[in-house]
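As written, the chains take the letters A, B, C and D, and residue 1 is the first residue of each chain.
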Amino acid sequence: MVSFEPVRTEWDIVRAAHAELLVTDLEVSRRFYVDLLGFVVTEQAEGALFLRGYEETAHHSLVLRQSDRPAVTHVAFRVAAEPDLELLQAHFAAHDLPSRWVTDEPGQGRGLRLQDGSGFPLEFYHSMTRQPSLLRSFDRYRGAHVMRLDHFNLFVPDVESSFEQFRQLGFRCSEYTSTDGPEQQVWGAWLYRKPAVHDIALTNGDGPRLHHLGFWVADTQSILRACDVLAAAGLSAAIERGPGRHGVSNAFFLYLRDPDGHRIELYTSDYYTGDPDQMPLRWSVSDPRRGTFWGHAAPASWFEEGTLAIGPEGNLVELSTARLRDRPPTAT
Amino acid sequence: MVSFEPVRTEWDIVRAAHAELLVTDLEVSRRFYVDLLGFVVTEQAEGALFLRGYEETAHHSLVLRQSDRPAVTHVAFRVAAEPDLELLQAHFAAHDLPSRWVTDEPGQGRGLRLQDGSGFPLEFYHSMTRQPSLLRSFDRYRGAHVMRLDHFNLFVPDVESSFEQFRQLGFRCSEYTSTDGPEQQVWGAWLYRKPAVHDIALTNGDGPRLHHLGFWVADTQSILRACDVLAAAGLSAAIERGPGRHGVSNAFFLYLRDPDGHRIELYTSDYYTGDPDQMPLRWSVSDPRRGTFWGHAAPASWFEEGTLAIGPEGNLVELSTARLRDRPPTAT
Amino acid sequence: MVSFEPVRTEWDIVRAAHAELLVTDLEVSRRFYVDLLGFVVTEQAEGALFLRGYEETAHHSLVLRQSDRPAVTHVAFRVAAEPDLELLQAHFAAHDLPSRWVTDEPGQGRGLRLQDGSGFPLEFYHSMTRQPSLLRSFDRYRGAHVMRLDHFNLFVPDVESSFEQFRQLGFRCSEYTSTDGPEQQVWGAWLYRKPAVHDIALTNGDGPRLHHLGFWVADTQSILRACDVLAAAGLSAAIERGPGRHGVSNAFFLYLRDPDGHRIELYTSDYYTGDPDQMPLRWSVSDPRRGTFWGHAAPASWFEEGTLAIGPEGNLVELSTARLRDRPPTAT
Amino acid sequence: MVSFEPVRTEWDIVRAAHAELLVTDLEVSRRFYVDLLGFVVTEQAEGALFLRGYEETAHHSLVLRQSDRPAVTHVAFRVAAEPDLELLQAHFAAHDLPSRWVTDEPGQGRGLRLQDGSGFPLEFYHSMTRQPSLLRSFDRYRGAHVMRLDHFNLFVPDVESSFEQFRQLGFRCSEYTSTDGPEQQVWGAWLYRKPAVHDIALTNGDGPRLHHLGFWVADTQSILRACDVLAAAGLSAAIERGPGRHGVSNAFFLYLRDPDGHRIELYTSDYYTGDPDQMPLRWSVSDPRRGTFWGHAAPASWFEEGTLAIGPEGNLVELSTARLRDRPPTAT
């Protein structure tokens, strides 16, 4: 049984803030993310593309780095102040999780990098170069009008143990799915620091792997337009699931697979979770409206495929088998 | 090979105008069509419910009639003037298709009823009682905000022969799908009288059967809201296919199954076809974007299931096997 | 008193089809229409820009021609067949309205050009070069996603007499505004050939002048986006009226003034008018919901300003004073 | 000159959470808020109506209380924990602002009530009875689909002094308008606790008075639908300003006046402000895009009219003249 009790921490993690993906052809990726989806290019340097959404004033929320194989190198959380990083370093050390400082990311101050309890590479950082907001530059909007990074979703082999790890870091739970019967084992969990449904979601599966990066768009129209634009450009195969309405989070969503197979969610219209008496909402993992409120089944790929992680030392992170074996009974 | 050449006729068929479905529980159907989808009730009489959309000033575009089994009794086209009906009667007689007059439909003048070349029950009529438009009664709008009937879609065993029949009646072809190879046999056809993509579509399949009735809604939001409303009411199983963008017609669509399994399409945003040099657009039946531009496959039920027809004498219309056996190669 | 009785004609006018505006700086106009609103360029030749909407397969629906002063040279209607043009020529001759043939418009067959009873330059034509539809080229969509020309709106000094002229040409009336009291003089009229609310509207005012060209867009979102894009580009002054909901037509609208002051309407979501018993809908000219259903007053410029016309001989068309002097009582 | 430096406080104000309006006919107000706009009724008791939005799990965000004259009795902020209330009490006492405990509000724990530096009645509270979220009850949605309370906007005579008061309470500034010239006096300010554009806005004007209550809706369509529904119900006069896009906040908005003249904003689609390096965005008060990005002028009523406040002792709060006399140069 997990505890849902919020933990008050000395440090203050603000939100999910950026991620870095390795891609095998930067120009092909650029066409997908920039030309079609409408991400903004802050900088192209050293074999990497630094992207942000129209409303973001941070240097980047997504780094695409040329490599010989697809992978994720880290997902990063922003903290409220520099000293929070030392507090986190000590916390992880106390849990036998070694970390190290990274200081060579363009546009960004030092980052604390580590593999978490499941082995997944996380980063924490405070400072980043500011860029102008393009929120009101509607004449520059293209494609899906991507606004900002919203959340990460990870496949983890033991959801309950990863859940506890993030709870200790100060995350609260907005919604979760669990098995039926007396045990009610947690199958998926949506955890937040900013007062929305999540900054990170944990999904039962062989892992750790990145399930997807979620980006906020302004409205449902942006998501329909993304489908139209991708299909017109001959990339309808990039549309993996949706558009549809999630039961969990109530958001309107679309899942895409980028040219390297990395999964991207376009996401909008969840709800406010900042009240002190906010309570986690449980869904049975066998309720089909959990995933898509309208009853549509997710494809098998959605439960099976994800992005492998590269650790801080360049090592490929080994996978463990999911503790809860089966996918939801309602999956195809 | 079919001819696409428009035929100038003495009569003037205006548009697809109403249909009558037999349902097994009128109160259950009422909840679906009126309470959830937002159809307007013009009249409930003699075991039947006469419905229209918000903009319609005709007495009804959909009749639901209590019966012991689901079926369609007729789909009806409106003609420009009363004498057009005698001209059509003579035309059908010349093709050995006997017809008879029907004079007992509430709110409607006499109708010419017959089984067409495939055996499907059609009706033609001119006059109908007018009702107030509720187009500007936004405070009465509910559910999907259904505006008006748009089209019929029939399963027919021999699309090319049905195509020729409707061409002789004055219908023009906006788009069609055909098999690849030198023969290019027509697999589906979209035929119109009003200058939109269709009043009637013909789909290869065991038939004749009604594939679906298409109703116009004002925008894509109406379709997303229909999904949300049905799912909230516990009827997500009614959502058979979509929402999505059609390749053919470019319309945004949703297919629903009513409580008796009758298929209803909510449809919006196709295009104008009234120009004199309008040319039919061909799609290969093996192009997956044909059905859903975004690449989604239609479910098997969409190719297999339809509503049986009752002939003018109360007879169940016999089915013939589809001439082109296979469903599109891209179907699941 | 006007007659609303439809007139059956020997010729068949299909729809409002194109217009030509004189502009004083073609590059400035190009930025407005092409870069910001998203019109498609078919051809640029001989000091003129030939534009169309995304769904249009005709060579052009809007011609912008470089000149030393802004004006409109003609609005043009398409007819169903070439011989319709001779029939129209004879009709106009019988009404002492001389016409002449124009054969030098790029992409277009011969046109019959004349000044109508009010002096306004009209054109009728049948043939035009076909272009590919870009309806499904969503990756090329820009700005307001303009789909097609929908209608013309003219200031005429004597609405009732112009109304009768268009009725004799086969136009039917969908809606009209009239003064209160026993006379009920027609103040504005919406007349159609295609089964929508209008191909041409007549507005009481000093004239004849062009009030505006109306272009169809797919949805209300396209109109909101047009406002955002224009404002972001520093052209918020181009937004004259709206966005809003018309009472007349029920359409969602936006009025813009192009760099030369020509008025353009973006327009969507009116209704079907093709039924044989369609009846004209009357509005009192003193009902504020007539113009904007939400009660917003139109600015003074909307009642006063329009584009002067150049006749077939290059002459500036003289204005007559409006017969009904006052603007609607509800105008600011 | 104001300071924009965030202040770290011992207490934690979570967000703008509810307000109470006195209305003169509760049934007339109920029709406006519940039947037309779609607020949810939690409870009707003791001459008051307790309302919430579809996603709200708190007992109420808007109280309408029958009275003999329209007024606002308080706007209330929720705090993270009960002891925060004593800390606030001490803080206000140190600033010579006496407060008292209120314990008789249905559905709510004790509240700390006081008149702030400008004389406006504020409340702070921690606990409130939970209600079920109706976020997924789409079949119950009506009217504008109001989701939740978003913010308060007050007329205050001295914006800079009120700004400093809220800064000391822990509020940060997202955007502000100021006069041109070397002094740059603050004319309006948007201040937040939750990471959105604001929980409270301060507007230069005779005050203190309530300018408006802002409620969040899910999308722009909800706002257009609200206009349509109100106009259809004969209440177009309730539409005071908009719909439009704000420059400040980038939100899409609509201002309504309820049956007693209280001003309500429907508001959607602003942006995230929770980053530690978030910087206030300045607008010149003479920039017309500040108010409506599209350039529309606000009506005079918007600058002049507001709701009078009743103090904790039932006293009518006296008004002081605005320190900056003029309305923005761009106002009509």
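General observations
Heads up, the rule we're going with is that contacts are C-beta pairs under 8 Å (C-beta built on N, C-alpha and C of every residue); 3 or more make two chains touch, one makes a residue touch a chain.
Remember, predicted model here, so these are calculated numbers, not experimental data.
Counted by C-beta pairs in contact, the busier of C-D and A-C is C-D. Centroid analysis (C-alpha atoms only) places B farthest from chain D.
Here the CA centre of chain B is 33 Å from the CA centre of chain C. One inter-chain figure worth recording: chain C and chain D are separated by 44 Å, centre to centre, where each centre is the mean of the chain's CA atoms. For this pair, chain A with chain C, the centres built from the Cα atoms lie 50 Å apart.
The set of chain B residues that touch two or more partner chains comprises 136, 219-221, 228, 231, 293. Chain C contributes residues 14-15, 55, 57-58, 78-81, 126-128, 130, 133, 135-136, 147-148, 194-195, 218-220, 247, 250, 269, 271-272, 274-279, 281, 293 to its touches with chain B in the complex. Those residues of chain A whose C-beta lies close enough to touch chain C in the complex are 36, 136-141, 219, 221, 225, 228-229, 231-233.
The residues of chain C lying in touch with chain D in their complex are 220-221, 224, 227-228, 230-231, 236-237, 239, 243-245, 252, 288-289, 293-296.
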